[in-house]
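Reading through the structure tokens given below for one structure.
By written order: A, B, C and D. Residues from 1 in each chain.
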Amino acid sequence: MGIVLGASQYGKAESRVVRIYRDGPEHDIRDLNVSTSLRGDFDAAHLTGDQSKVLPTDTQKNTAYAYAKEHGAGEIEDYALTLARHFVADVAPVRSARVDVDEYRWDRIAVDGAGHPHAFVRAGQEIRTASAVVEDGEGGPSTWVLSGLRDLVVLKSTGSEFRGFLRDRYTTLAETADRVLATSVTARWRYGAARGDNPQNRPAIGPAGDWGAVYTSVRRILLARFAGVHSLALQQTLWEMGRAALAAHPEIAEIRLSAPNKHHFLVDLAPFGLENPGEVFHADDRPYGLIQCAVQRDDAPPAGPAWESAAAFA
Amino acid sequence: MGIVLGASQYGKAESRVVRIYRDGPEHDIRDLNVSTSLRGDFDAAHLTGDQSKVLPTDTQKNTAYAYAKEHGAGEIEDYALTLARHFVADVAPVRSARVDVDEYRWDRIAVDGAGHPHAFVRAGQEIRTASAVVEDGEGGPSTWVLSGLRDLVVLKSTGSEFRGFLRDRYTTLAETADRVLATSVTARWRYGAARGDNPQNRPAIGPAGDWGAVYTSVRRILLARFAGVHSLALQQTLWEMGRAALAAHPEIAEIRLSAPNKHHFLVDLAPFGLENPGEVFHADDRPYGLIQCAVQRDDAPPAGPAWESAAAFA
Amino acid sequence: MGIVLGASQYGKAESRVVRIYRDGPEHDIRDLNVSTSLRGDFDAAHLTGDQSKVLPTDTQKNTAYAYAKEHGAGEIEDYALTLARHFVADVAPVRSARVDVDEYRWDRIAVDGAGHPHAFVRAGQEIRTASAVVEDGEGGPSTWVLSGLRDLVVLKSTGSEFRGFLRDRYTTLAETADRVLATSVTARWRYGAARGDNPQNRPAIGPAGDWGAVYTSVRRILLARFAGVHSLALQQTLWEMGRAALAAHPEIAEIRLSAPNKHHFLVDLAPFGLENPGEVFHADDRPYGLIQCAVQRDDAPPAGPAWESAAAFA
Amino acid sequence: MGIVLGASQYGKAESRVVRIYRDGPEHDIRDLNVSTSLRGDFDAAHLTGDQSKVLPTDTQKNTAYAYAKEHGAGEIEDYALTLARHFVADVAPVRSARVDVDEYRWDRIAVDGAGHPHAFVRAGQEIRTASAVVEDGEGGPSTWVLSGLRDLVVLKSTGSEFRGFLRDRYTTLAETADRVLATSVTARWRYGAARGDNPQNRPAIGPAGDWGAVYTSVRRILLARFAGVHSLALQQTLWEMGRAALAAHPEIAEIRLSAPNKHHFLVDLAPFGLENPGEVFHADDRPYGLIQCAVQRDDAPPAGPAWESAAAFA
């Protein structure tokens, strides 16, 4: 019975790359958290400590900073793609590369009604995300691109019920026709193959520069559906959010949504002689419900390693 | 040589009070984190375990929720004041009460260009704060009110230098005429006595309902000065921010600013044959500079216990 | 082109279950963080909002607390298994259930050299983990059990080098024959099929009550190998740690290790006229290397859904 | 009505200094988080941006690292004192300096029953702290030294009651003769003047090298009293803990304790036909009680700026 090396990957996590564009009087800023992860012919590094095929994680960090200078002008999806393609194309032992980018957004500070040319204020706690995975293969590299967001915190003060659920001997929850529904949305969407790995055959929405337009649109759709759907359960809300995003965006093959149900408990004010018709709540920390679903096209191409982030390894 | 009880205080920290206003078709939301802390005749609780004068922290929590129903409609400063006055006036052993409130702001979700009546999205990571301290005394209670904000993250991509500083044998820092200046501002301002404890003698800005107007104005001024001042040091920037706030708001007696200098280090790209004229930076986590100052009127009334938060106790 | 529901799961995350055993003069404590996640016939909840097959997450929480009373006496692996089996066996729509448990360990407070019978102090920041997955199938349920630990922070002040690595145009790192090696180990090991789903055919180590003995042994082995292996790279250290665990424990089919390389940078003290022969370091926060690998038997049974935690969903 | 600069201070926070002692075959490690804060003649830096009297925070960081080489061998109290004395004595504009040090403790990894000479594992989540404040004055500098700990998490499964408390119209809490008492202790003790600023007149316990002995003793006393005192309230427990520390250590003038009451709520299992005689609890996150008290000698010297940490500024 032999003991063997199984899956392995390595990289540099959380390089905090800040790129300032100062070509004109108005500066721009890109504030990124970049993680790279490589797979390939690295068994010797584990088995014998031979590092001759190992590109140091320090080099991966350097590359992220250097590429921010040379290739940082576009959307984070393009930056991630360019980096991932570089590792696979230019570093021989690398068979596949994953680049995950978080972007923190900044607004211009408003002074006398106009945006300041070089002073900024952080725009919300929501984070825009992108991931690119490039994997070498027989007929050339395959590519997957994920765009997304997380920490989008939303709440409905009515228009949410939870009734008619399954009961067993451990069920004590009362049914409710009107509750507060609050969550922090994580959403990630995977583009169809045409967009990522085939520059000659882009989907109808146009050139790669449109990643940002898709992001803005999907974000708007997710918010609008969260607001507009009369919720019978968070499951149904998530489905409707994801379905609307796919209906509007043919270039998206799949969207995954993960949403903690941040419970707001109605406080019993009766002991103090007060009524509480849905007005005063305790926002609880833990435990929380956690609802997760994927919405996809029935002809979506295979996801391959798209969802295999470093966080999922162990 | 005797061993005696010194300063003591106790309370309930971080009650997560959410108040929904649903009187009309448009709901409103107040999302608060409330901490109460009492001082007074509580020595027996320590010395002998006699609880007969101790109002349980559970009761303090209940009171915060009940008052959110009865007195929650105004600004957080009024809510804090009302709670603090209650503890001092209505609970015999309490000699002074401090109520600290954090408010998380929510925006309406935009749907078809209009704000949704009952669906909200968290508005940024910035937190509005208020503290009220009421202390019983010979001639009636004294009152202090602090308003403030924290986690206001700002950055200037130019317009900041750091030169001409003191050098000793441990100094290696190069002077710079152009750097990135980034910080996360904590600001708290203390109102003059008239505003808080003397309803008959309010300052010129008007009734208590104006707390929010002052908050909005001070926030705007702090941002505008951060943007507008050509910075010779973070110290000077903070002074100018605070001074402008006091100049515009006679009702403010003192403002305190605490600002970590979130260092952005220029990355050396020369080894890769690339120039880096202020374009690519590494945003570092630790260590950070920490600059703190108070700006006040020369006739400011005594601060009393205004700045003695629970965080400062030990 | 149809839009369909893809993978989905839901559950209650982070129920903070504390179980006190007080049958004799010496109390014992189990301090747990329990997360449950169910898959099954839940499409209607998404597609139409029909909750009739949905066991509320509140019920899952109740079940976790009730089972802590009835079945909480054993190891966390048994508690997780019992809960997971219950959901699959007793709740009709559930096709598979995953239960993840974190355990916080407590030591008895030492008083006059003896452990106190009912006063405890938290034992370190390291967390013991267990996961059980039960999945219904044709021939009865399949079962997977993972045990593990995380936040095991270790450091070697010598006995670690990093040399002979691949260089490209972005490589600036100097080779080193002696560095500080520090990491925070996450390890999870998967038991062979016999242990989990086949009570009649337990592996040689004995009854289920031995989970704790395996945990203690694997932890000891991981630490000893981290200490004892002269490290040529973190990759090699992890492999040797995992290999030793499998060599000693035939009941383990696979172990996965995830280890951030917590960089300690030698500080340049030359400007101050001081030498620094490996004595003064700056411990950096970000970025960090992240090294991950699996070590497994060549005849390991399929992992199935064992590694598909909720954190990995999106 | 003039606007003036009030209190101000600045420094470098959270330098992560790691010092390895490798003089013999057995290495030792000191793992520190060092923050420095200076007060003095710095008004011009605020008012006009003139930095000529400002020692950069970068220099303060350098000094912390350099002193770790030159003066790092002793206890953290001595290291903090030496640093603080340096800033006041050697940097002309500095009138007072505060140095706060957190120490993370490491144990040797046990291999075959013996401690490994250069491999370590982090010892618990508890942090040892020290602060030194040196303030220039007419007759030479005054000195204050604080030692302490935080994140010492403790729990009693019985031996704690809470009864006979004050009730008002908002009180719903039931009295209890047996509850779980859990907290995370922050303790800081202030030495009498003789110890810190007067090497010629050290207290009876001996030379400065005894800081560690006092730390170990106070920690042991705090734990023993937490365990041994039948608790009528957390207030009483804290008093007894502090009193015992002072009774055993004449060199301590004052000890301050801050302790969140980490509530453990008995879970109602009756709906499931189960009794719950103090066995199954929900450990809640927020809100929490927060109990704080000082225990001091009636002839304690003035505390001066000892308790004015940067965290307490605004």
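Note that in this section a residue touches a chain if its C-beta (ideal position, glycine included) is under 8 Å from a C-beta of that chain, and two chains touch if they have at least 3 such contacts.
Please read these numbers as outputs of a predicted model, since none were measured by experiment.
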Chains in simultaneous contact with subunit C and subunit D: A, B
B-D against A-D, pair bridged by the larger set of C-beta contacts: B-D
Chain whose average C-alpha position is farthest from subunit B's own: C
Interchain centroid distance [CA atoms averaged], subunit A/subunit D, Å: 40
Chain centre separation in whole Å, for subunit B relative to subunit A (CA means): 32
Intercentroid distance (Cα basis), subunit D paired with subunit B, Å: 24
Set of subunit B residues in contact with two or more other chains: 15-16, 62, 66, 170, 172, 271-272, 285-286
Subunit D partner contacts - residues on subunit C that touch it in the complex: 15-22, 27, 29, 31, 62, 65-66, 68-70, 72, 106, 109-112, 116, 118-125, 152-159, 180, 220, 223-224, 226-228, 264, 267, 269, 271-272, 274, 276-285
Residues of subunit B touching subunit D in the complex: 1-16, 35, 37, 42, 45-59, 61-63, 66, 90-91, 93, 148, 162-168, 170-173, 186-188, 231-233, 235-236, 238-239, 243, 246-247, 250, 254, 256-258, 260-261, 286-299, 307-314
Partner subunit C, residues of subunit B touching it in the complex: 169-170, 172, 271-272, 285-286
